[in-house]
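Below are two complexes that have chain A in common, paired first with chain B and then with chain C.
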Partner chain A sequence: MQSQTNSLAKRRAASTRNAAIIFLVPAFLFLIIYIAYPIVYSFNLSCYNWNGFASNKVFVGFNNWKELIGDDVFRKAFLNNVIIMVLSIIVQLPIGIALATFLDFGGKKLNVFKVIWFIPMLMSSVAIGYLFKYALDASSGIVTGISKAFGGHSIDLLGNPKTALLTITVAICWQFIPFYMVYFLAAYSSIPSDLYEAAIIDGAKKSQYFWKIALPLMKPAIKSAIVLSMVGSLKYFDLIYVMTGGGPGTASELMATYMYKNAFLSQRMGYGSAIASGMFILITIISLITIKALNRKED
Partner chain B sequence: MNKNLKRIASVIMTVAMVSTAMIGCGNSTSQASGGAASGKTKLTLWHIQTSTAADAIKASVKRFMEKNPQYEVEVVDQVNDSYKQKLAMAMSSNQTPDVFIQWGGSGLIDYVNSNKIADLTDLMKKDNYKDKFIDAGINQCSYNGKIYAVPVENVSVAGFFYNKDVFEEYGIQEPKTISELEAACDKLKANGVTPFALANATKWTGSMYYMYLATRFGGLNAFADAASGKGKFENPAFEFAGNKIQDWVKKGYFIDGFNGMDDDSGQARQALYKGDAAMDLMGSWFTGTVLGENPDFMSKLGFFQFPALDGSKEDQSLCAGTVGDNLYSISETCKDKEGAFKLIQSLLDDQALQDRKKLGKIIPLKDFKPDDALTQKILDTVNKAKGVQLWYDQYLPAEVAEVHKSTCQEIFGLTKTPQDADKELQSAMDAYKAKNK
Partner chain C sequence: MKQNLSIKKLSIKAIVGILAIAWLLITIIPFIFMLLAGFKQQFEMLMGSVFDLPKGLYLKNFIDVFKGNIFIYFKNSILVLIVSLIILLFLSACASYPLSRFKFKLNKPIYAIIVACMSVPVHVTLLPIFLMTTSIGLYDSPWALIGPYVAFNLPISVFILVTFMQAVPKELEEAAEIDGCNKYKIFFNVMLPLVKPGLATLAIYNGVAIWNEFSFALVLTQTLPNRTLPLAIWEYQGQYTMNVPMIMSVLTISMLPMIIAFIFGQDKLIKGMMAGAVKG
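This part shows the complex of A and B:
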């Protein structure tokens, strides 16, 4: 009797495993073809000089990597990425939480705001880029218009190396705050409502509920949001590409735009691959450290 | 039994999922090899013309297919901005379109050395077809004495396009020399009009000023020598160009925020249309753009050649630009090169010439006669020129061209001195030469 149930359980486990394998194979194949293979291939390409279409690639060993380590523009691009990362985390997440809290406490009557605030998330990055570019146009944009209405000069935010990056960061925040708003709304809905009721019955104020109960319960969500925002900022590309193309000069250059320029505009596919691989290594290391650090605090 | 059914269902599902993936792959390969099943030879053509000019190509191709029913031509309209990257991608996977456009210069040399582009010398010499084109056009299509393309589109040289109303209002004549130009600029400035409309996030737009000033100071040789390695970019001609530009920027000759504006989305043209700015240094495709975008403005549009440098010994008639603009080439992998060549020729048949003339194009044919005075003036400027300086960013190898565009933008932004910019450009050139020995 004992042995029979045992073998039944075994058979069941085996068939689950087979089914799992069959279902996972397609996804796994896609991952290999579109994620794993390109990563390995760009590491391989980073050891060649290649213009992107010639049939002969010249093997140059680690020359591209040596150049990358000494490359001031890449270093600057990395620093720009870090600036965007830090600003994104300290601006987007708190505002996202604030909006989510407002909507959660307000209930159904605030659904209008939920829809309105979510709109930026529905627009494509390229559309947002052009929108901001026209709004910030130094001769006929909104900012200049306001300044001129008060008798000021025209204001050039995107063409000025000192302000270009910060200006784009504002646009990035505008684009992604709705995402974190929805994200934290979901986190709120995962908090059981009896906790809220119990707290209120025990005489807690709404602010006490937020700081003492909701926020600690959302900690795991906040942690993943930090990692998400971090990785997203480090490989950021689209708004910068549309709004300044990394310029003026290299003022708003990011690692990804620099990679694109080298690989596709300068036709240095090998060096571009070295940048891409360098980015991959940097982002992996930073993410691992952050995840470790965030998890350690929990213990 | 039930379990077996489930298992069968799961297998079927998996096969379905995997095979859709396969179908995805299958499609792309069959596209490349051409639809041989229909019994017709399939040719693909990539171009970057827009609006009415694209319609003209479509009409030519339609006539070609009616006359030659054995061909089926697929015309793909590409976007200028990402075209080079797309073409490189297609070439690397051996899916180069049968007929495609390129701009000559370093790109052409790369394609020839990588064996991706067909030699058209024999086809061009047949029936003396090549003699129909002006020599500068054929030169631009040639490398090492062989012809690789047909200069179909346009003679595009840069010059100042200006708003005639604004010039008239302040009593300004077309300046003949740079000092006259500066006097005109000061007069405009004093009256609250910005002299130059420029959208320089695009970078090649500012490069035109740099290119013309350097050419006025040092002729064709200063640049040709620097590019070939005989000379250097750290040279008085380029320093003059950089200093002049910074001088003009400091005097406020350019519209506010030009380094953040994008030419493709028309941010500079808007200023010219509105009369906020008076002049725009641009390639002669500008007339076509205005015709399509703001036809009412055509009557106010004037053109003059980039003024001469006072007291310079160099030839001041030189133009900067390209003779042919988009050069139509045939891929080395094309299976029916003669058919593809006929297709290119059809883009210049009598009807097509009429269509293109209406678009304000100057086709690089020896017997070309434009209909309107503005186009005639541009053509005269080209005919008077003793030579044409090809755009720096087409002439230089891609990676050096990128450095040029970026440093030139920084000269305009006053974030780099001309000396530092020239030094950086020279070291990029040296690095390129060292790698490609």
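This part shows the complex of A and C:
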């Protein structure tokens, strides 16, 4: 009798397992073909010199990696990524939290603000890139227009190596602040509303509620936002490619734009793969360190 | 004393209000620039000041864009969007079901692997996927975009859908099981109908991402008949570099579908984005 129920349980477990496999296999096929295999392939390609068309790939071992480590442009690109990363975190998250707090405290009557603030999220990076490229254009852009109205000169923010990266960062912030606004609105909505009511009944001011209750409760959300913003900044491509193409010179070059130029414009598939793989390693290390550091602080 | 307090309160309110309106302006000024420029003639742009109103309703830019190939881009974008979304939603529902409801040994590790895929940078895979696409002969076809779009949006979709499926009461599943339904029947007849709101959220969240995707579209397609809308902007820009009004009218037109969708379903769109935002 007991062995019978045992084998029945086993049969059920087996059928559950089989069903799980059938349900999971299609999704995994996509992940393996388009994510796992390409990562391996990329590392493999980084050991070859190849123009993408010739039938023979020349095995060069770690030569591409040696070149990458000594490559000043790549170093510059990585530094630019880091600058964007730091600026993104210290600009986007606080403004995102501020906007979300405003909307959360204000309730339904502030819907107009929410709707308009949200609009940049609907635009593609390419569209935003071009919009800002022309809106900041030296001859017919907004900044030049304002400067001329006050009797000043035309101002070329994107053509100047000193200001190009900062200008791009402004566009990036404009694009992503709505995302963090929505993100923190979601975080607010997961705080039980009776907490707010209880705090107000106990005589807390709104500012006290924000600093003492809401902000500490949103700590996990803020931590993931930091990681999200970091990973995002390290892999920016579209917007910069469209706005400056990495220029002037290498002033706004990023790892991803440098990779694209090498692989697809100079036909250096091997070196492009080395950059891509290097990017992957750097992003993984930086995000692991950050996740660890953020989690340690809590203890 | 009391009066002081209310003055302080009022001034705080005023400052907050001013900041909120300032951000409103920062958000819409680029759009105003876009709209104004789209209705200007090229020489107006060069002569006048930026925020001068256009001299009369000059529609030639828009007419020229519509006379061009914009509908081909639209058609491709819609094709890619619909096919990718159908595959993506079905596969993520399939994957989320066992991960949220079954007890089996590898459940947690498999879930962790899928979630970890969220942080893989697209650009590491760009070159290999380009080479793979070329070697199977799919290069320069809108169909080439569907695989990457499904794969890269799967992890976040599974992540969101698992939370939706976990919220479905166990009793419903048990009742169906007692009625003699197997796992597959339960999935199609019980689970899928119950997580419709979750699927709608996913459709919105991924729909915006797929509609606007640029990197894969740039690399995997080459000729006009096969490119999607974000590339249209790119190509018009190459063609009309100096003609700012023309490019601004292309931008306006390419934004139109999203804006229309937003006007009709802003609540749903914002909620969809909120669900997507809770990732990580």
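As a working rule, the second predicted complex is superposed on the first by the 280 of 299 C-alpha atoms of A that agree within 3 Å, B and C clash if a C-alpha of one lies under 4 Å from a C-alpha of the other, contacts with A are read in each partner's own complex, and residues count from 1 in each chain.
Rule of thumb we're sticking to: a contact is a pair of C-beta atoms (placed from the backbone, for glycine too) under 8 Å apart; a residue touches a chain by one contact, two chains touch by 3 or more.
These figures come from a predicted structure and were not determined experimentally.
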Partner chain(s) touched by A:G249 [first = chain B, second = chain C, both, neither]: first
Partner chain(s) touched by A:A13 [first = chain B, second = chain C, both, neither]: second
Touching partner for A:F59 - first (chain B), second (chain C), both, neither: neither
Per-residue contact with chain A, leading partner among chain C and chain B: C
First (chain B), second (chain C), both or neither touched by A:W174: second
Partner chain in contact with A:F30 - chain B first, chain C second, else both or neither: both
First, second, both or neither for A:L265, with chain B first and chain C second: first
Contacts of A:L158 with chain B and chain C, given as first, second, both or neither: first
Which superposed partner A:W211 touches (first chain B, second chain C, both, neither): neither
Touching partner for A:I142 - first (chain B), second (chain C), both, neither: second
Where chain A meets both chain C and chain B, residue numbers: 15, 19, 23, 26, 30, 52, 130, 134, 137, 139-140, 144, 264
Complex contact set, residues of chain A against chain B: 15, 19, 22-23, 25-26, 29-30, 49, 51-55, 130, 133-134, 136-140, 144, 153-154, 156-161, 164, 244-245, 247-251, 261-262, 264-268
In the complex with chain A, residue positions of chain B that touch it: 3, 7, 10-11, 14, 17-18, 21, 84-85, 87-89, 91-92, 110-111, 113-116, 200-201, 203, 255-262, 265, 267, 270-271, 276, 398-399, 401-402, 406-407, 409-410, 413, 415-416, 435
Complex interface listing, chain A residues touching chain C: 13, 15-17, 19-20, 23-24, 26-28, 30-31, 33-35, 37-39, 41-42, 45, 52, 95, 98-99, 102, 113-127, 130-132, 134-135, 137, 139-142, 144-146, 148-149, 174, 178-179, 182-183, 185-187, 189-190, 224-225, 227-228, 231, 234-235, 237-238, 242, 256, 259-260, 263-264, 269, 272-273, 276-277, 279-280, 283-284, 287
Touching residues (chain side chain C, partner chain A) in the complex: 16, 19-20, 23-24, 26-31, 33-34, 37, 45-46, 49-51, 91-92, 94-95, 97-99, 102-104, 107, 110, 114, 117, 119-132, 147-148, 150-152, 154-155, 158, 182-184, 187, 208, 211-215, 219, 229-230, 233-234, 237, 244, 247-248, 251, 254-255, 258-259, 262, 266, 269-270, 273-275, 277-280
